[in-house]
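The chains carry the letters A, B, C, D, E and F, assigned in the order they are written, with residues numbered from 1 in each.
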Amino acid sequence: MTLIRQLSAPDEFVGFYLLKELEVKQTNSTPAKDYFDIVLCDASGQLPAKYWDVTVTDKETFLPMGLVKVQGIVQTYRDRLQVKIMRIRKAVEADGVSLTDFIRSAPIRPIDLVHTIKQTAGSIDDPDIRTIVAYCIGKVEEKLMHYPAAKTHHHAYFAGLAYHIVRMLELGEFVCRQRPFLQADFIKAGIILHDIAKPEEMIAQLGIVTDYSVPGKLIGHISMASSWITEAAIRSGIGLESDTVLGLQHLVLSHHNLGEWGSPVQPQTAEAVALHHIDALDAKLQMVEDALDTTPETEPWTQTIRGLENKAIYRLNPGNGQ
Amino acid sequence: MTLIRQLSAPDEFVGFYLLKELEVKQTNSTPAKDYFDIVLCDASGQLPAKYWDVTVTDKETFLPMGLVKVQGIVQTYRDRLQVKIMRIRKAVEADGVSLTDFIRSAPIRPIDLVHTIKQTAGSIDDPDIRTIVAYCIGKVEEKLMHYPAAKTHHHAYFAGLAYHIVRMLELGEFVCRQRPFLQADFIKAGIILHDIAKPEEMIAQLGIVTDYSVPGKLIGHISMASSWITEAAIRSGIGLESDTVLGLQHLVLSHHNLGEWGSPVQPQTAEAVALHHIDALDAKLQMVEDALDTTPETEPWTQTIRGLENKAIYRLNPGNGQ
Amino acid sequence: MTLIRQLSAPDEFVGFYLLKELEVKQTNSTPAKDYFDIVLCDASGQLPAKYWDVTVTDKETFLPMGLVKVQGIVQTYRDRLQVKIMRIRKAVEADGVSLTDFIRSAPIRPIDLVHTIKQTAGSIDDPDIRTIVAYCIGKVEEKLMHYPAAKTHHHAYFAGLAYHIVRMLELGEFVCRQRPFLQADFIKAGIILHDIAKPEEMIAQLGIVTDYSVPGKLIGHISMASSWITEAAIRSGIGLESDTVLGLQHLVLSHHNLGEWGSPVQPQTAEAVALHHIDALDAKLQMVEDALDTTPETEPWTQTIRGLENKAIYRLNPGNGQ
Amino acid sequence: MTLIRQLSAPDEFVGFYLLKELEVKQTNSTPAKDYFDIVLCDASGQLPAKYWDVTVTDKETFLPMGLVKVQGIVQTYRDRLQVKIMRIRKAVEADGVSLTDFIRSAPIRPIDLVHTIKQTAGSIDDPDIRTIVAYCIGKVEEKLMHYPAAKTHHHAYFAGLAYHIVRMLELGEFVCRQRPFLQADFIKAGIILHDIAKPEEMIAQLGIVTDYSVPGKLIGHISMASSWITEAAIRSGIGLESDTVLGLQHLVLSHHNLGEWGSPVQPQTAEAVALHHIDALDAKLQMVEDALDTTPETEPWTQTIRGLENKAIYRLNPGNGQ
Amino acid sequence: MTLIRQLSAPDEFVGFYLLKELEVKQTNSTPAKDYFDIVLCDASGQLPAKYWDVTVTDKETFLPMGLVKVQGIVQTYRDRLQVKIMRIRKAVEADGVSLTDFIRSAPIRPIDLVHTIKQTAGSIDDPDIRTIVAYCIGKVEEKLMHYPAAKTHHHAYFAGLAYHIVRMLELGEFVCRQRPFLQADFIKAGIILHDIAKPEEMIAQLGIVTDYSVPGKLIGHISMASSWITEAAIRSGIGLESDTVLGLQHLVLSHHNLGEWGSPVQPQTAEAVALHHIDALDAKLQMVEDALDTTPETEPWTQTIRGLENKAIYRLNPGNGQ
Amino acid sequence: MTLIRQLSAPDEFVGFYLLKELEVKQTNSTPAKDYFDIVLCDASGQLPAKYWDVTVTDKETFLPMGLVKVQGIVQTYRDRLQVKIMRIRKAVEADGVSLTDFIRSAPIRPIDLVHTIKQTAGSIDDPDIRTIVAYCIGKVEEKLMHYPAAKTHHHAYFAGLAYHIVRMLELGEFVCRQRPFLQADFIKAGIILHDIAKPEEMIAQLGIVTDYSVPGKLIGHISMASSWITEAAIRSGIGLESDTVLGLQHLVLSHHNLGEWGSPVQPQTAEAVALHHIDALDAKLQMVEDALDTTPETEPWTQTIRGLENKAIYRLNPGNGQ
């Protein structure tokens, strides 16, 4: 089976792909005829496709986010590759293919990511912090296995959120070693909790965010996580006025650093300052890495990246211009 | 007993006043001698005062925010009035004077303000909203009797917060009549809850804020009130995901309108839009009214007002310039 | 006759509608044929329509903003309703239909709105203020009967400006009762004058703004209204340096509050502060009300609203999520 | 008579100076004694001075902005020069000294500046523009002889406003020659009118602004000048809707370029774009020139200049660092 | 031969034009056929054109930025003129036409512009400044003959950069006469050097910028020019710490005035303040002049201009509205 | 010898201290007498001190930044400690005390810091990068032994710059291990070069910055370092257009991330993005650490920190509020 990234015109091919998008359109002819305007994808990339002479049954059979077996031809249309689909059918259980094989995902298995997060949570010394962190993980544990960290900004793929947390935990551990005055318990907790409500803020399927939820819009993940901490403390009998609860809520509430970036308070503990900058460092570098990964190696510049002041990234080559 | 506002040089007077500020200073003479640099106030205003030849006992006897009986002379020093204190003693119970008579306060009795607030809370139709509002009032009911609405910005006096809420409730009632599509329960609740955590955000005595509390700085009154709603819902068995809870939290979280003004989310319900503008209208007009009240009527301009783009307010007199 | 809002596919219908927009387009066939790409509307809403096989006479007969009688079929095209027009003719006098029945307009009759405005203007005690207000109303009285308050922002429909003024006058009356230190004459005058030059700033037909006028662009409605006050004072022999004239000009000039919102000075009288916030409260709530009114009741969210930080409004339903 | 700039410690001197500032202060001794804390100035600069053992008569005799004859000694106090006044008396007519000899003023005689302005105004071809410009000059002609262009920003001295206008007229003439598509009449008129209302916006004496006027604060010089154009047109029977009036008002209203700098509209004619940049070029360079002129030549850096992003100006010396 | 600007429907014409843009598109018919979507231009303007029934050879023959001979018919398509090309062939040497006759360019011959720049550079008195300026001109002298000053902002045409420099030199000379404290050598040098690296920042052909270069993006023309001064000083043995080198680098680095406009330092010498404002005055007026030149004289408004706060320019006509 | 931090009233003590600040003042008595207003410091902190009855010789003997031996008494003056100096003399060689023992400095020996920097520079694989880095270090190697990283912002003490670089190198090494797509040579070089010109931008003594240099103000350390790279490349024959030189200059120029923070270009290589965030993380955490170190452990809040949005830092204590 050929990967999307490996197809070139005028290949003929047969394979399984994900119908990432599907729209029914009409030709300009009289009478107009229906056709499918499709995006096919696998984990290596995606391509537009057309399927002509669509039947009424087809329109009921093929839906976005379903797996299909396709026989097609690769053509060039206005300088871009496009697939003309000759035959198409839905994948069935006997085909032995799985949705998750066809989507972009974190480079580490979700189960390992969640394991690392839970293990780190368990290593927190302070019993109250440990209890609260465990409670919050419990609310989204299943979604942590597949949710992205954002709609498009960064780590926007299967298990991207868990991957972001794990990389930040590595950084956090290093920074705590370098600066022992930081309280490691709060750093670990802050990293795990800072985006913990994102799976309830967004509605995602297979790592792709389709919308924000009503609580996501009206409350936002920052205030939601803060409320979860209140909830955890009440359920566990931890004092709501304790420095433990205040410190955890402060970490979550301040981690976007500025009001215009969504934080109602600015970092005012050492750990909150550290959390914001660890988050920024990891998110920005991941944007760069993702952009480079999805740009052909022959291209010196990536697409522009919204989270990086709308700049593109250039591949430095010390051999150039010598 | 003469009111502060009525004193003029070279009056000699005797009366009870509040020692609003007191600092021990030293003269430049050799050897240096201690004296008191004092601010005397009553509900009508305040004046600087000096008390010379302070004894060790005096320094232990007289403390800020205490009531005193003063015999003094009003003098002019660099174009401003100043009191030279001849005799001073602490007020005693037999004097029959009460602290609250000497401070600036809302023009309506605190007990009536709180009564109005509780009555309005009780008139909310929706039982869940009514329960949550009552719970939150319960947390600060005693402080509502005397807390100001802000440190200096607006309603910065005894029971200023309760007064602000009551005036907003009047406005809210009018707006709901004018625009029946607004849900009155949410408007009432939003007005009562929007600043309900301010008494825990600030540390105040007699209507004067001396500092912000630790939770006030790390969490802020907006997120604190949002957590109280969570707490109220848990304690009362109201669903945390219900539109009732979301709607109330959204009102509180969004009432500052913009991120740079402290709101993590922007108004996205009709009632939240109304709440922000009712709050703004009442707070800004009160700033104007307070500035005009504390400016002598002969002065055409007030002091500049920080909350009004640092502008002073001019008293229009349609008779001028004709 | 069926209202636009009530049509659904595959209805066949006959009725009178307004040709809100009409563009002549060409088919892709060879030779290309002309057709009309149309927007039909009535007071309840609007629908796209196509009229095929257009003749040369048709192109001269049918023009935007004209009333037509249409026989058509409602179809679904790419998930949206669209009318296929079978027959069309211009409405004639004998049809007894009137343009104003087919457009969106304020919920109160224009004649009543203008009557209220003039009555309030007449109730101003100060003769100079009353004279100036009457003079300015006189300049646009006819246009007040139908002009919108803005191009798209708020009250963007027939007599929207007069409606905005009337609702603000209600609010202003309430606020003056609540805060007697405000001078009611200036509040009434400020409300009536603040947008009084908008009909000269914009070019509108049937409540729909098509462009800004040259003075509208070069001077703007704020400075235009300020000049009208100068003009009124000169014509009526009122002193240009009087507090009356200064106070009225200040109300108009400052009512957008900030330089970046178009006000060359910031509010510096009590009445100017009140005017800005009364204006904001009414305009923002009307945006919300208009958005909710034009959103099907089954939709929980409206479209995004530019004047509200580009946020959509959510319909809170206390029954949800219980 | 020695110029202020030429005095050094421990000179003894006698001469006439201007009492620019005078404050009565008290010594710390017991009993306190009154003394004068004074600023003496002449056209070359200013120096602080002290006059001890002040009598009651002295306090009535000596007032700020009066000319005095002084016998004094120059001393060094904390690294700065200060005058100890031994004898002082008011200047009398017989002394033959004139206030204007003692203040900073434009380098060209006011009468010549105003002459140039009026001559240029008279050279305007278009009769309506000429009429309006003459009318506006007429309103402030006497004040043009001595008003500064700003409180502290630039040209803050005797006849500074007229000087600013004249230099801009020179620049404007050059730019019109360089770019003939510009209409010279509008350029001349725009330069003369752009700040023409400043003498009514500010209250100044001898080129020193002490405050802003009530119309200055409530309306601002930009809108005031715009109203004067309206007034001129009405009085002269020129159409208020003519391009002439619109064009002149637009020049005045837009010359600060941005809303946050006080312009309610942005430049939208060629001449308005030119006016803004001619104004900026002249004002900024004058700030630089004034700062260099009042900095001793041995100092490489001037004081910081608020209108130049709070930067100081460095004197480049191509001989340095070779 | 007819100029583009003079063509109107339904002219038939033959002439030479520049193929400014050319895209191969497909018709909607089955089977789809290729056609050319073309922009034809000459120095007077441009028009869209279609060429149907394109052959494989055509697709290899016709490329953007080539000269062609065209026989065509002018048609009206959706209210705009469009050319239907009947016959087309590439221009050959025997046709005697030259690319540069068909593009927009500065109104003065490039050779004369560069001559003026070099002559002014030669007139600099200070030998070090003269040397450095000559060195930098040397790096781009050939490109100065044709490079534009910007991609779209201003002077975006053949030799636009040299033209901008020459006009600024005229202004600079005038300002130095008006304010003799300015050091003319630095003014001349600053004007010549301020944009001197633009030809290396951008990639342009025939005065049209197609992209930014890698150094242009990573370093920017401001820092590039600063490095060239370093380079010139090293190669010529001029002290890198001298006021000469600092002063020149400061002129270049600060000429955008603010950090958000790309200047790492703000103007801190008299000449740097002058340079920024001379640059602004010339660039903004040229934007206005270019917009007016390319707008038909019958149109009262130009297109909006990005560099002028996105405002359009209005042609004032003192005869209007009388 | 007692450390400053350990002194309390009414201690009598003798010891060596640094005269950090010294001002000659006059008493208010008649005649006025000179006294010294002094700040004494050692590496543990600082205290104000007074020395009365100063002689003419004293004024010539004692200068700021000199070491002195002091016999004094600790007193309380207005709630703060203050030293009354009984005897004072300059330290002499025989005292065996060294200035550097009395100032705040990095927690690692300067010689070790510079060694680490040079060793890392030597470990760069690419010979051109290695050469350029070595050249730039060579320009400031001596100053690297003692310069602070900033005037007040962060690392504002002896060898603070070298310490900042070393900590960043540790972080950089970790990030390169975590994300192997980063080019370690550029990361090392960027960290060493990003602030390398600060010692020429500022004038410092003993780790205390007293002013900015002329090149520091006119060019700034960012552009200075960029020029040094040009210089290094020219002197070493490395191509100025090579990716090596562009990449290094880009790292330096972009490391402040935004124009308003002083960077003329924004990060556009992976390494530049990393550099900015490594710099931010280290600088911000050092601000926090320094603030906590200089705040008594009993104080829950530090002073406000300008570089952290003017917020103070709170010491979380998980035991509080339980």
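The rule we apply is simple: contacts are C-beta pairs under 8 Å (C-beta built on N, C-alpha and C of every residue); 3 or more make two chains touch, one makes a residue touch a chain.
Heads up on the chains, UniProt names are A, B, C, D, E, F = Phosphohydrolase.
Here the structure is a predicted model, which means the values were calculated and not measured.
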Treat each pair of touching chains as one step and give the shortest count from chain A (Phosphohydrolase) to chain F (Phosphohydrolase).
1
Same residues or different residues: which describes how chain E (Phosphohydrolase) and chain F (Phosphohydrolase) meet, taking over half shared numbers as same?
same
Dist(centroid_CA(chain B (Phosphohydrolase)), centroid_CA(chain D (Phosphohydrolase))) in Å evaluates to 44
Gap in Å, rounded to a whole number, between the CA centres of chain B (Phosphohydrolase) and chain A (Phosphohydrolase)
47
Starting from the mean Cα coordinates of chain D (Phosphohydrolase) and chain E (Phosphohydrolase), work out the distance between those two points in Å.
41
By the touch rule stated above, which residues of chain C (Phosphohydrolase) touch at least two different other chains?
28, 214, 217-218, 241, 246-247, 258, 268-269, 314
Per the touch criterion, the pairs are A-B, A-C, A-E, A-F, B-C, B-D, B-F, C-D, C-E, D-E, D-F, E-F
Any idea which chain B (Phosphohydrolase) residues touch chain C (Phosphohydrolase) in the complex?
126, 128-129, 167, 170-171, 174-175, 178-179, 181-183, 185-186, 239, 241-247, 257-258, 266-271, 273-274, 277-278, 280-281, 284-285, 288-289, 292, 308-309, 311-322
So in the complex, which bits of chain B (Phosphohydrolase) are touching chain D (Phosphohydrolase)?
27-29, 77-78, 300, 314
Taking the complex as given, what residues does chain A (Phosphohydrolase) use to touch chain C (Phosphohydrolase)?
24-26, 28, 30, 214, 217-218
Taking the complex as given, what residues does chain A (Phosphohydrolase) use to touch chain B (Phosphohydrolase)?
214-215, 217-220, 222-223, 226-227, 230-231, 234-235, 240-241, 246-247, 249-250, 253, 258-265, 268-269
